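What follows is a structure written as structure tokens; I'll ask about it next.
Residue numbering begins at 1 within each chain, and the chains themselves are lettered A, B, C, D and E in the order written.
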Amino acid sequence: MAHISEVNVQAAAVPPTEIEVKLRRQRRISATLRYGLLVIVGLIMIYPLIWMIGASFKTNAEMFSSAGFWPKEPTIQGYIDGWKTSTPYTFGHFFLNSLWIVLPKVIGTAISCTLVAYGFARFDFPGKKILFVTVIATLLLPNVVTRIPQYLLFRELGWLDSFLPLWVPSAFAGDAFFVFMVIQFLRAIPRDMEEAARVDGASTLQTLIYIVVPMLAPAIISVCLFQFMWTMNDFLGPLIYISSVENYPVSLALKLSIDTTEAFNWNQILAMSVLTLTPSLIVFFMAQKYFIEGISSGGVKG
Amino acid sequence: MAELQLKSLVKTYGNGFKAVHGIDLDVKEGEFMVLVGPSGCAKSTTLRMIAGLETITGGEVRIGDRVVNDLVPGKRGIAMVFQNYALYPHMKVRRNLGFGLQLRRTPKDQIEAATNEVSGVLEIEELLDRLPKQLSGGQAQRVALGRALIKQPEVFLFDEPLSNLDAKLRASMRVRITDLHQRLRQEGRPATVVYVTHDQVEAMTMGDRICVMKDGYIMQVADPETLYERPANAFVAGFIGMPEMNLFPAVLTREGNIPCLTADGQTIKVTDGLSHRITTGDGPVTFGIRPQQLHVVAPGTDGAFTATISHIEFMGHEINLHVRLGDAQLVAVVPTDSFDTHFARGDRVGLRPSGSHVHLFDAETGENVSLGQGSN
Amino acid sequence: ADLRMSWWGGDSRHVATQEALKVCGEKYGHTISPEFTGWSGHFEKLTTQIAGGTEADIMQVNWPWLSIYSARGDGLADLNEFSDIIDLSNWGEAELADGSMKGKLNGLSVSTTGRLFVFNKITWAKAGLELPKTWDDLIAAGPVFAEKLGEDYYPFEAAALDASLIMTLYGTQKTGKPLIDPATNEISWTKDELVDAIGFYKTLVDNHVIIPWKKVAAAGNLPLHENPNWSSGKIGGTYQWDSTYFKISDPLQEGQELAYVDLLSQDGQKTPGIYRKASMVFSISKNSENQEAAAQIVNCLLNEPEGVAALGSTRGVPASKAARQQLLDADAIKPIQIEAQARVLDAEGPGIHPMMEFPDVRSALQDNLELFAYGEIDAETAADEMIYAIEEALEDIKS
Amino acid sequence: MGGDSKFLGLWYVAPYVIGLLLFTAFPFVASFFLSFTDYDLLSRPEWVGTKNYEKLFTRDRTFDKSLKVTLIYVFTTVPLKLTFALFIAVVLNYRLKAINLFRTAYYVPSILGGSIAIAVLWRYIFADTGLVNMMIEGFGGDPINWFGEPANALFTITLLRCWQFGSAMVIFLAALQSVDKSLYEAAAIDGAGPWSIFRHVTLPLITPVIFFNLIMQTVQAFQEFNGPYIITQGGPLKSTYLLPLYIYDEAFKSFDMGYASAIAWVLFSIIMVLTLIAFWSSKKWVYYAGDKRS
Amino acid sequence: MAELQLKSLVKTYGNGFKAVHGIDLDVKEGEFMVLVGPSGCAKSTTLRMIAGLETITGGEVRIGDRVVNDLVPGKRGIAMVFQNYALYPHMKVRRNLGFGLQLRRTPKDQIEAATNEVSGVLEIEELLDRLPKQLSGGQAQRVALGRALIKQPEVFLFDEPLSNLDAKLRASMRVRITDLHQRLRQEGRPATVVYVTHDQVEAMTMGDRICVMKDGYIMQVADPETLYERPANAFVAGFIGMPEMNLFPAVLTREGNIPCLTADGQTIKVTDGLSHRITTGDGPVTFGIRPQQLHVVAPGTDGAFTATISHIEFMGHEINLHVRLGDAQLVAVVPTDSFDTHFARGDRVGLRPSGSHVHLFDAETGENVSLGQGSN
């Protein structure tokens, strides 16, 4: 049963028997195959990323002459030009804008999703079933359906060209996926600790803050991370709601440099793309455990 | 400390399932009351209604002189110990202990004093700065106990606190808890306890009184000896005692004053200590006799049934002799010393019930009809 | 006053425009906050803004959009009302007419652009051929390219939009009529004329003049300036807006050189058929609270020396006479740009219907030509489908 | 709990309810209303009854085509992506060293998502002289016209999405790891080989997760926009003109909001119907472990 | 059915941990062998090596006349019953039973016949169309048993099959399994069984022979009586028997021929049945006596230690008397009938060990040094 319980036998003091040698060889072949496959697939997976980073150091002329990623004449001109941007602001300014969009949004999401998920997972109240169905239904609803009326709504509220349209829906647990994810997470946590806290004299809110939130930490962190990345990369939202350049987040600022009506500098665009993706990638690599946990809890415990 | 009263307590779950059928129970101040019964008999449901973790469908729960039905758990003056400890996983033991007091805004130094006292009593001083995951099962259970103790509640509630421990640890925790209870009583601050378990050994050894439940009804409330010697019905009789009491259908007749019992076509006279206890007329009954009171004699002996050995279990000091009497499967416990080692499966043996230990139960209601005047 | 101005464009335009706004703002004592984006998404954004009444005071508007935003002339401010502020005499009749909807001047042409033929001199020289003057020259060049330079050399290219414009050009030359008549909003070609024009596309393919549609697609529908075959001179010519000169010339490899020629002609043609339009216009919001201030800025940007100097040629060769002259004097425009612009302005052709720039019409032409190019349908069917779809589109604006 | 109001939970979900009504339900209803109007954003919506739907179902050939390719796209992409994700998850599900490294690497494409650089690269890889064709020729095959052939173009987008299989795989992996190992052992003792074990034990046990992924991926696939928008612009011959692209064009290029809303609603209905069918059929093939606590 | 032999079996885990230290064990054809020992002693590891679920680091496993080291589990002719049943949760009971046969491409009708037979034997006919999650613990365990039975393997392997059941069910399943084993033997197709448990009651009652393990070594292999009466060392002595044997340090001296034992400063003479068994000289030993053999007498009685009662547990028929003798905590089991009910915590009592049941163990090695000539 070597193929099921893969146990690496340490070279025992006893000389290996014939069987053992055979088993070991089998294992080595199977491991080689498996690693080989995984490495090849893995390379295909991350090649675009590597290519993009490499290409951002290429000259424009070289950009489209080869699919290799190693620049022949490396230059950081793209980064220099890109950072300056064509606006009165540097790219740094746009990063700050992004941050200013992202932080309240992430905080709002985390707080509202936690509250709502707690409500769904731990309480019975009239209409709960129907409301939960709407969570699922929202997950399935294509955005195009609601985009136009939403815009009209924010116009009526006078929120255009501010960050409010980006912040507020999230602060009202607007991202059904996150609510769903946290609910799934909560369902897997036994209630005893919370009951113990209630017996200890905590109110439901105190129970949430002192007991549930610490236990939910991995889920909340992964919600924050996802929201961070999605918001950093979001293009359409800011495009529609934000008009002053001063308020642009990086995604829009990046798009600014790309205009097919005149010759453009690919290395500059790619350099900025790399910069734009960097926060997300850093966040991802630092916390990949939470991403994986978050994404799998949404599905597996479902 | 206070008295606890349940009055016609009813619980119907959201799905319409009626789990508790209006039970009444008085737990006296300082009393150690054990709720015991098979799985699903609503022990936990009852306990959780007392704690306020389940809403009460009907009836009332009184603690001291307050009806607590509408109080949140934290205001009922109770403390609870859970089966899987339910320690707050992200808090050190110290904070786990102090959390309840902290919520009540007890001053820091008082919390510390209380923590120290409790951890001294439970010998968990060295554990105070550990996280729950760094504790063994027994240690975690002691911390959970401490968390209840520190609050000096009016009533302690336990829900199978020992069932996650292995046999040895369970035995020693059992002793520790009863010792603690007795000690508190001696120190003049007796603790009212409701202790849920499905383990009859725990029930017998720990409880001042035991409340045996079945399917949401109370079957009997009594002290361990009474429960063991004078079970109110066949259910309690079968539930308490190990190996369980032999219960099989028989027909009661009388020869003069002497009760005769017929089972599997065999009729025996039961001479000593039964006749004056019987409170029913002739007819079918359920015959009950504990395995330890079923003596092995030669087949055909007077006052003994003759049965066939179906299985012999060597238990060390004792032997469990499984026999077949008609359709009934009986067990007799025989000291190994006095056991005839030539017995084998299929052999016929005589089994003589000791009359003063025979119980008769109503064939239909299961009620004990041999509790007449005399003690046994 | 506090104003806002919005536009799309690339980096150089962004920089220049902001500079110009600063200069003009200082001159008139206004502050103008800029709102700019790249091309893609700008239409959506501007439209939603106008729909929401939140558009900037001054807008750079694509010419065909005028009929969307202001079909009845009342969607945008009428600049005629500011003729005391804006010197309209710098524009010709036709240019002002282009920017007017139902008699209201909704937009001032910033620059004029037209489609021109541009060829790679070096490649043609390698093939031993003169730059073509007629379609026949071009068609004759096909086999020569293939033979002398190799199968992967083509004298010309046209796919997608370019192909449908070549088709329209050919038909216009032949019939002397635009495909859609701006005056009547009707299709002015007969079906047979359309069939003929569609067939012309096939002639080009069959003679190795242009790369077949399918093969263009296979390369990923690369825009010309990203296409290595263009950079290396394997594609000998193209039909582009004159304003795109730098875009298409920049990627050329060392030693390649471009030259504009007059529109190719055919025997018995009734018109050279130039496809010319305002490339973009400046408009003022009808909701603006400071329309006069906005008008001052518009005039400054388009007519006054400070603004003109700051903007330079980032929006093509200016349509305003004053501005053009100023830039010419300052050598701010490259000779080849001037030459191209001259060709655009000098050539003749019937007026263009704005619908020709509409997605519905464009896709009617393009999609059916594509089907034809792929051999899915014959020219007759393609013509039928085109007519049907265009008429349906026209139906919408008539109502 | 005793002493708690039965409306307590409502307070906690109140933010969601408000958000739902304001930002989802209202726009949702509004767009349904819009689908019965002629609305160009600039003038007031004009009620036209079912005209939009009539046009959609009777005269609009673009819609027919678009619907067809959308269905083809969904029904190829979803199974391919899920199969691949499952396959890799199974390969990864051995006690491999560096499993986290692989898992992370495989997840990266899901993060890069719609980056422009990726689209450009994709055009590179699948161009007629691109990497893929170079490899095919290297193995002695004929180059494939990826973007030019209508039949192939859609497939390149499918491949792009399959490339982003990371999140589905991670979910599969988590499910695989939660399968009780003793079941494998029991099967091995019953004489099952690796394939039998996979077929008869593993697969049935992870059906809930297969189902979850199936639904999520299907919904996602129906909403595919970026891929065709950036890579093929819907061509050639509209062979990659997926419905969301069509909706976008109608809404934001032709500014026919009413018509766009109508198409959006048709798309939504299709997703809903398919989802319901999936839920209904799931009773037959999805095995759910009993949930002890409701 | 076949014989099973383990020859110097060694297991070293991937992390370098040596779990099994070269053990030898012969299980005869049709024999019921129980592997017992505390948690972590490598019972499961050993069993899993036999099954082929763990690779064998050294030594060999023989089933019948084949060395099976390099066979996959499916080919070893074994069947296994798991602690958590390991029923395929998505298959009905019927398919769970038939799955193994189906894999062997047994014809449908044969599978059905076999399923019917097995489900008849185990009385699970009505369960055939249920899913495992619709079964109670005992039912699931019977199905698991059926799944093993149906394959008619040469060797049955059980890994704590009953430890997930409650006490009562465990007792009845215990009987059921041994009955089944005996029945197969009577039917002429004896089943070779290796049964892992950590529960000594199971070990004692079920095994033909018991193999007691500790830390990857075998401590003793013997039949239940021998194990109980003549444990080879202190470990086995303490492990087998309930409540466990009292073991405490004492010093052996002799007064003439009579052995004297000193503990807690008290010296007692042990007169009957010990002296001739002792195989060691004077000096420190570990004194061993089972709770049932420690008789309560008046304090100061000859041959009795005097100790202090620390806790009294009422067990129904018996009473566990916990006493303190110096540092040692001892237990005496007293029949309830003969128990003096006036005893209370803190009272002094005399405890007289019955000489023929006293065990002495080497203070260092723990080896039994009282196994001399005589039986006890």
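Throughout what follows, contacts are C-beta pairs under 8 Å (C-beta built on N, C-alpha and C of every residue); 3 or more make two chains touch, one makes a residue touch a chain.
For reference, the UniProt names are A, D = Oligogalacturonide transport system permease protein; B, E = Carbohydrate ABC transporter ATP-binding protein, CUT1 family.
This one's a predicted model, so the numbers in the text were calculated from it and none came from an experiment.
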Chain hops separating chain E from chain C, counting only touching neighbours: 2
Most contacted chain pair (by C-beta pair count): A-D
Whole-Å gap between the CA centroids of chain A and chain B: 54
Rounded Å distance, chain C centre to chain D centre (Cα mean): 38
Chain D residues counted as touching two or more neighbouring chains: 1, 4, 41, 124, 130, 185, 188
Residue list for chain B, restricted to those that touch at least two other chains: 51-53, 72-73, 75
Junction residues of chain C, two or more chains touched: 44, 48
Chain B-facing residues of chain A, complex: 124, 190, 192-193, 195-203, 206, 210-211, 214-215, 217
Chain D - residues contacting chain C, complex: 40-42, 123-124, 126-130, 145-150, 153, 231-233, 235-238, 249, 252-255
For the chain A and chain D complex, residues of the former touching the latter: 1, 3-6, 31, 34-35, 37-38, 41-42, 44-46, 48-49, 51-52, 55, 67, 112, 115-116, 118-120, 122-128, 131, 134-135, 138-150, 152-153, 168-169, 171-174, 179, 198, 204, 229, 233, 235, 258, 269-270, 273, 277, 280-281, 284-285, 288-289, 291-292, 295-300, 302
Contact footprint of chain A on chain C as seen in their complex: 4, 6, 8-15, 18, 33-41, 44-45, 48-49, 52-54, 56, 223, 225-226, 228, 231, 244, 246-247, 250-251, 253
Complex contacts: residues of chain E adjacent to chain D: 51-53, 72-75, 78-80, 82-84, 86-91, 99-100, 103-104, 133, 147, 151
